[in-house]
């Protein structure tokens, strides 16, 4: 048990005892922003499981800031998040795959105004595996693509062995674990694979849901399900958000990035990956062609909100919560190995938050 | 049958002992089959009790889920409330309709509608529960009710209705005609005979059948996935917010990798099974006491 | 009834009460028909664009590539993988459950001491009270990884090389795992109906067999089983109907991979499973396709159930107590 885990536990203990105590009016602000603890609203959000751990921590911590704002976040996968958001079933959505142009058009048609993308954190998609006796593993993008295409089927394949000269790879079948639901994590992962493997690009391609070609594969729902599948299947390899791997002590692979460096996914390498990328105005971007000390499979995750259509109390509560997350949530994010936004991007994100309900 | 059997029975001596051995062997096989059939139930009950009781506590029964699945502690209170709420709605709708339909089938059996209703009630018991949820989702959830207690309750109603109707039909059918004829003989009208004689006579069986349907509805997951969705807190609203349920919580916490979530799922299963067990036992006790009369 | 109808007209007021009463009850009864019709018709109408777009490839193609359009059908929807998943797990369940159920029913009706028969029947029927999600949880977290996985590894290791569909590599949650747990879930209904049918074997024939000097097994084989065979078939079909529609336990154990696997030790997805797992994220055109899968499942299940009840009814079994299962 890492000692740093005590902090979230203490926060959880506080919030549980607050909940049991019926939520007293007194609040202690966590952080320095103005909190009056007087807002009252019910917010429903649904979407990505990639950031779910940090969103849930933020929601838990925010309870002490605004005890009468109740936020229900259902982790159902990015696909579900986008669909329920466009379908007007939720107040905000969450997705690691930004809305495509046709989804934006559909959203505009559904609500009558624009959806807003607010990036919250960067996360790493870790390649986790379950091979007995294998403590370390290095993979390259094209080898990873071949594994997931089913062209490489055994752990002692020469291509893998070449990348791991100090280790004897076992003669075991590779079981590929992937998402069975529509997933932003899949989107980040397959966008990466498309950028490093032509076979992948012309085959399954990138997206929240793709055709998984490997013959020995298992599907899991959300990051949680894939993690469980990796744990349950000897010989398995799968892609999950870093914090899920850390939480469950699952070994992860080093990936060779654009500069040829084998990088382990960590808080630092995630932050380094986002260094120097150009960000368009609508804040929809992919993190690709990572070099230096950056981990190559990283992505941003967004909260989705609308420019119109909320009643004022909800809009205020939503804006306050997201602002609090961006300004006060950094420490909690780092706890769980999500890299907070660099200052320049954070400013742009906060500007987007102001747009919520700006058209009434 | 008789020829082949007569042939094998023709001799005694060596053949007789071989036949006896075969008989004992088969008896052993049958007993082995019984043991094999009973083992799963024993295993499930054992695991649910062992792991569920280990995770069960006063806190579990009285608090809601922690905000994050990976955190230990908390409980399924919002699921218990949601289950009771939605099953209550379903019972209020399904039981009168089901008993009404059954009464029609038995008391007006000469009508052309009656065999149709009977047949299609049978058909309806076989409808996959996911399909019921899909129907409510497609018709009522999208754009209208949204994910809500009411949507979940309606889905459970559709599930309970044929079960109540079929069991009620069998019970009402069992009421002896003598009772009916005696009432008619006294000058009662049809509705009086049914309401004041037949249904009261059948009441024990009707209660039993209804409670078994309620127990079944309490354990359903699939229809609620598409209609109630799930919630982290206790939801008193009928519409406007998604609702939680015990089976939904067990389903979502079982499939992730977190030990804490698994522990709660086992405790939740114990809670759910105790609920169902209590309902089933009450139902069967009522029925047995009725038979003993 | 005739007595009631012959009462004189001065009770017209009461007659109105009677008519009203009949209408109310008739409405309750008709509501079953109306709901069923509404379910079938409205879902078919919603799914129709997908059916028309795909044609027969809806059931013959295994390419399931949902689109994201809100107005038209742009994806490909071939449900074959899910049909195969549903059928394979149901068949595995029946292969295990039917012999067990017949054996247990034989024991209970012919061989068990009186004081064992009752409690034993009750115990097996208790299995039916266990909710699907608890079966799924137990299978997922205990039975499949701890008990079944070693068995699967063993079989795949020894028989796998010779029999392709028993071949490795083994993934923990697969057709076989779902099928075995499904077997436990359908066991009660098959056993209950079979027991009913066997209990109806005419006493004289049983006595006659014993009178001729038959052993108990010979009596079972020559008297009880032949007579019960149509009933067993009916019971099996009822079990099949139940297995086809089972959603949660199968979704938790079948592997979630949307492919057709060539070995029972690898996984796939079932019809009910794909609906449960993907509906929340399904764009409108995808929802229509999922509704289409639901309609398909509904039609298949209903046909199987109707045929089953016909068979059982013809052989004199009574389903009164069993509809709780």
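Going in written order, the chains are labelled A, B and C, and every chain counts its residues from 1.
As a convention for this text, contacts are C-beta pairs under 8 Å (C-beta built on N, C-alpha and C of every residue); 3 or more make two chains touch, one makes a residue touch a chain.
Worth saying up front: this structure is predicted, and the values here are computed from it rather than measured.
Participant: Would you identify the chain whose Cα-based centre sits farthest away from the centre of subunit B?
Facilitator: A
Participant: Most C-beta contact pairs, which chains?
Facilitator: Counting C-beta pairs in contact per chain pair, the top pair is B-C.
Participant: On a C-alpha centroid basis, what's the spacing between subunit B and subunit C, in Å?
Facilitator: Their C-alpha centroids are separated by 15 Å.
Participant: Centroid of subunit A to centroid of subunit B, CA atoms only: how many Å?
Facilitator: It comes to 40 Å between the two C-alpha centres.
Participant: Of all the residues in subunit A, which ones touch at least 2 other chains?
Facilitator: In subunit A, 220-221, 225 touch at least two other chains.
Participant: Residues of subunit C touching 2+ other chains?
Facilitator: 280
Participant: Where in subunit B do residues touch two or more of the other chains?
Facilitator: In subunit B, 142, 229, 255 touch at least two other chains.
Participant: Hey, which residues of subunit C end up touching subunit B in the complex?
Facilitator: Going by the criterion above, the answer is residues 1, 3-4, 7, 11, 14-15, 17-18, 21-22, 24-33, 35-36, 38-39, 42-43, 46, 99-101, 103-104, 106-107, 111, 120, 123-124, 126-127, 129-138, 140-143, 184, 187, 191, 209, 212-218, 220, 222-223, 226, 241-242, 244-248, 252, 272, 275-276, 279-280, 287, 290-291, 294-295, 297-298, 301-302, 304-306, 309, 320-321, 323-324.
Participant: Could you list, by residue number, the parts of subunit C that touch subunit A in their complex?
Facilitator: Within the complex, subunit C touches subunit A at residues 63, 65-66, 68-70, 145, 168-169, 171-173, 255-259, 261, 266-267, 269, 277-278, 280-283.
Participant: Give the list of subunit B residues in touch with subunit A in this complex.
Facilitator: Against subunit A, the touching part of subunit B is residues 63-64, 66-71, 73-74, 142-143, 146-147, 229-233, 241-242, 255-258.
Participant: Tell me, which parts of subunit A touch subunit B in their complex?
Facilitator: Residue list for subunit A touching subunit B: 8-9, 12, 15-16, 19-20, 42, 44, 52-53, 56-57, 59-60, 70, 72-74, 87-89, 220-222, 224-225, 227-228, 231, 244, 247-248.
Participant: Residue numbers of subunit A touching subunit C in their complex, please.
Facilitator: Contacts found on subunit A: 46, 76-84, 86, 100, 102-103, 106, 109-110, 173, 175, 178, 180-182, 209, 211-212, 215-221, 225, 229, 232-233, 235.
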